[in-house]
């Protein structure tokens, strides 16, 4: 994934963004080491955006923002489950991100640290940069005055919005698989892809399901970290997450039903095959019995000598086969 | 769906109704732009009914009623899950509607904004207009004095009442499918329709299940938005929603059982087919063995020369087949 | 269901009972229109028992007891789910009744209105009259002094006691079906009856399961409607309801297991059938191969000319069949 | 089950034990009718142990201990679910007991009444007498000073300890059944015993599962009935009950998996059988086709006249069968 | 498992560690009998580490630390479920440990007693010694000043960290089994190993699932036993435990799906086998019918005498077989 050029040459490349946003809608790029100066001012907040930062940068931001060792450790190692944890007067949020990249789902993590006057977002793995979020902040300068909890909301909103096309894709995949299941031909491929889909759904659920708790926890938090005007926005994001979780649950359940329906249809088709085989076997066995009959070597089988016997026997076989064929057709065995 | 003529030529066509209801049972059509004048009066409430409003109309009502940007955004985009949200002193409710239209279930959404002196209902997609609700208000003018929470109840009541015929239809469909399952003939069609029904039930459940929380939340709300005399009515609607949800759950469970019963019966039928095939194969194979026997070319097979041998052999084959047939009949293989 | 003669000629036939019970164990039949006079007295309570009352009677009791319009509406329409609702200082209870009538389960509803000085019970559908409850009240006059909550308990106790023989019957049905499942013969009938039983259990559960909430809610209610000495009795009824619910749950689970065990056994039996068919096919095919062999027309098959060839071949076929038979017996294919 | 000789000839045979335990570790057998005298003393408690008491004895203890009519009624009828109920200042506990008696599980009930200065235990059905508990009391006289809640704990501890060998036995049964499932031979017996085990587990769960609530309720009870030093002991019993419940749940789940694994293996084995049958059919059908070929009566089949034709044909059949055999072996059909 | 040499010759071999840690980072090995002297000091804590201690040692530590008889009894017997229990002002914690030892999972138990100035850890069964934890304490002497709750955290952290490679291994096993399931060959072995994996997962869940409650309970405990700065660390361990539990749940669910997918594929493969058998049977039966036909002994079968008849018939059989073969190929039966 291509990374944008760092916002300022003052900082190492893993620092995607490091800026001070004042309450009047202004914005200034700053160096990591100057953060403490800006934190001391009361008329704005600092937002630092990192992508897979190295230990040196993490050490700097830990010192500048006064972050707890455990949270920094989590951020360094990544591979956390979605969670929201309070360390003193700062909030540590972990969410999983998911994007469709070239027809495949790529998972990543975004960690966020929210303080009274700062927001730090750290991206890991496949994850789009939050340039759209920064652009939104520029478009809505009055929101900037709400403090760092507004960009945190905007980041979470972007994360959840990225889930939607994936669940839509899951739904389309299931629709295609349903068509395969209900088509006459049963293929191993269909069952294998149902299993694949189940695995993807489970993975997705591990990202979305705890996210609901995280969002509910952040939104309800009685502290001052979250601006009251931002809460309804977070409730909106939570609502989207719940809707995505509902979709996943419904898909999971339909998938289970699809599997058992598939088994029913395969068994049904097997019974059909058996009937068809039986019917054809009968159509072959009946004339075989007759021909075998006239292959007997009894000296006194008067019909063998009659000149009309052979044509009559051919006719008999033909009629027998025709009658059997009609019978099997009527019984739907053929 | 045919839309009624707007209540007043003062307003654009997407405004189905815009009226002021006073505490004495009176009613007056008003223009959207005059709403603020009527909101200032203390002896009645304004009810605006919209159908898929355009942005211009939404902007007017947002300004007139002082609605929150997020709620208006939700209403503009539709596709929300059922929810009840408080924005300051107004309540925003989303419910899903469902109707049988020409043998098919059509889903829609109704959004409602309730304030101390106003109600705004916005319909999306397939949804009957709430003329019946307005007619009820005219029939019961004493209810009009309870304020805008009574027509909100009436709208929710109408929505839930429309669910009932659909779940009844689901029940009838399952009854028909059960008959198919227990009939002698197993058809792919039956399994496919069971799957269809499962999908419809899941869709319906996504509409009804969160509705229970929504109704419980509105009914218990301690604020002043909801008139105390309206609460028992809301509890009644909640009760209906719970009953519909129970029906859906029961149907879902019976459907799962129907699927596994179907598999059992199909497997059982397969075993029956196998037995019948085996019995017929034996009935054909036994005479074939005998005819094959007398087709041997040994020079010293004394019976071949006897004149009574052929008729005796015919008799023997006949008796053998008859005995086998009786045996298989008794063992229920035929 | 035959209705007893109304307790008093003063009232219409749908009024099964209308009496005033004083605190000293006395009892007096009264007319519906006199209820208000007796409600004014402090030394007893009124109990009215109705069976599918018409609107006129309901209007009278609503006026006399001051009941809420919604509760009366529910009672008029019936088809409610079990619930307990408080309207001001009166309690409205709905429970489902079930009885075995001529080997079939008949469901009904009983609605009860409890006030500080009155009890009204309304029966709908198949339901035994509560004469036994009234007899109990006469046998235990000291309980009469506890007020109308004691006969309410007695009614609920009778309702729950009527469930017991039905769940016992369900258990016996499952026992019979188990025997069928484990018998050698697999019948469509067994699976169909398992499905029937599942449906009956689900229906029963819809009656019993919410009843537990209803009873717990009534028992815990802190108000004065429920006499403190009646609470332990209600806890006893709740206990019975929980036990019945446990039975139903266990039956439902065993039934699910029975269905999957049945499928396993049917599949197993199918495999057995296949083996048996295969063994018999081999027993027929082996001599057929031999007879076919000696039906060949080679001019130089020396054995065909030998006089002992035919008897030797008969012996050979006999031995081959016997050996095969023993082999298949040992492998348990026959 | 053999009953020990009643502790004192003063009392009827259903009274297993009736004694006064003083705070200094002393113990004195007393008559039922003298209980009230001892209850008046403050330096000890009375413990009465009954086995399926008749109504006369129950009437005496009800009067002596002042027990609630409902609890006595429950004790008289037995067949209660496990529960703990408070009647004024006395506690009524019902637990189910289970013992292995001659390789079969026998269920019983123990009811206990606990008052500030008394304990009454009533056993029903298969149940070991609590002589071991009484012996423990004699061994630990300092525990006797904690009052009647200590022997109640000891009784509950003995009940729960008796469950352990049964769940162990269940585990061993499942192990044996697993071996049967994974052995090559599929037997109806295995499936039937899996079903049996499921039924036993469900029965056991009905005893153990509510017991956890009962124990938690008793242990947390804030009243004075339970001596504070006894609480940790009750927590210990609760812990054992939870562990047994965990075992049962795990067994139930493994049993479900075992059933579906069994179905998979049976289906798999069926496919194997089909392949083997097919292979043998081919091995028989190929020579049959050849022999049938040379049984044709064309006048111009030059090979029939050759003297080497018959041996060559025998060789050909042999080679064909061998090649087919090897092919089927390699494809694992044989 | 090899045990390290006891830290001090003062103590019996089952005492792995017995030391006093002062607040300044110092550490001193002490004898068990001197513990009470060190407990009296306020500037440090005692940590005793035991491995399957005998009764004598347990008696000493019970006396020295003043532990409750029940906790000591639990420790002596082991085989407890994970739990956290408060006895007065000391905390008793039981956790299950799991390690991969030579490709097999070995389970053990660690019991911990935490007091205001002491920690005692007791290991049972397969379990690595906590030398790494002691080394960590030496590396971070500032943590030593937080009191004995920090080493308790470190022990729990080590226990949970040891789970991770096991769940990773489970995941790899499932991946391998999936490959087997989706390969063309169906093997009994695959199903058996799926069952094995399910059993292992259930065992692991019994260890991890209650651990979450234990950790949450310890972390939230309002008492003074747990230093406030240690709480975030415990929350971190809890987080890991939750993640492991999520993995196990997902694995369990995928395993269930794998089992049913396997059944579908086996059934599907059976249907394929049946079709292939049927096709080959037809390819053999058609020429057999023809050869049987010309084996008939009618005197007037003109074609039998024609010299081109035999070659023509050979050609006919060849063409018939070829056409059938193509037909079956096209229908995917071959």
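We call the chains A, B, C, D and E, going by the order they appear; numbering starts again at 1 in every chain.
The working rule: contacts are C-beta pairs under 8 Å (C-beta built on N, C-alpha and C of every residue); 3 or more make two chains touch, one makes a residue touch a chain.
Note that the coordinates shown come from a computational prediction; the quantities given were computed from them, not determined experimentally.
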Chains in simultaneous contact with subunit C and subunit E: D
Co-neighbours of subunit D and subunit A - touch as defined: E
Minimum number of chain-to-chain contact steps, subunit B to subunit D: 2
Copies subunit C and subunit B - interface residue numbers shared by over half, same or different: different
Approximate Å spacing (C-alpha centroids) for the pair subunit C, subunit D: 26
Averaged-CA centre spacing for the pair subunit E and subunit B, given as whole angstrom: 43
For subunit B, residues contacting two or more additional chains: 260, 263, 267, 270, 274, 281, 285, 288, 292, 295-297, 301
Cyclic chain order when read starting with subunit A and heading to subunit E: A, E, D, C, B
Subunit D residues touching subunit C - in the complex, by the definition given at the top: 68, 70, 74, 80-81, 83, 85, 87, 185-186, 188, 191-192, 194-195, 198-199, 202, 206, 256, 259-260, 262-263, 266-267, 269-270, 273-274, 276-277, 280-281, 284-285, 287-288, 291-292, 294-297, 301, 304-307, 309-310, 313
Sites on subunit B touched by subunit C in the complex: 178, 182, 232-233, 235-236, 239, 242-243, 246, 250, 253-254, 257-258, 260-261, 263-265, 267-268, 270-271, 274-275, 278, 281-282, 285-286, 288-289, 292-293, 295-301, 332
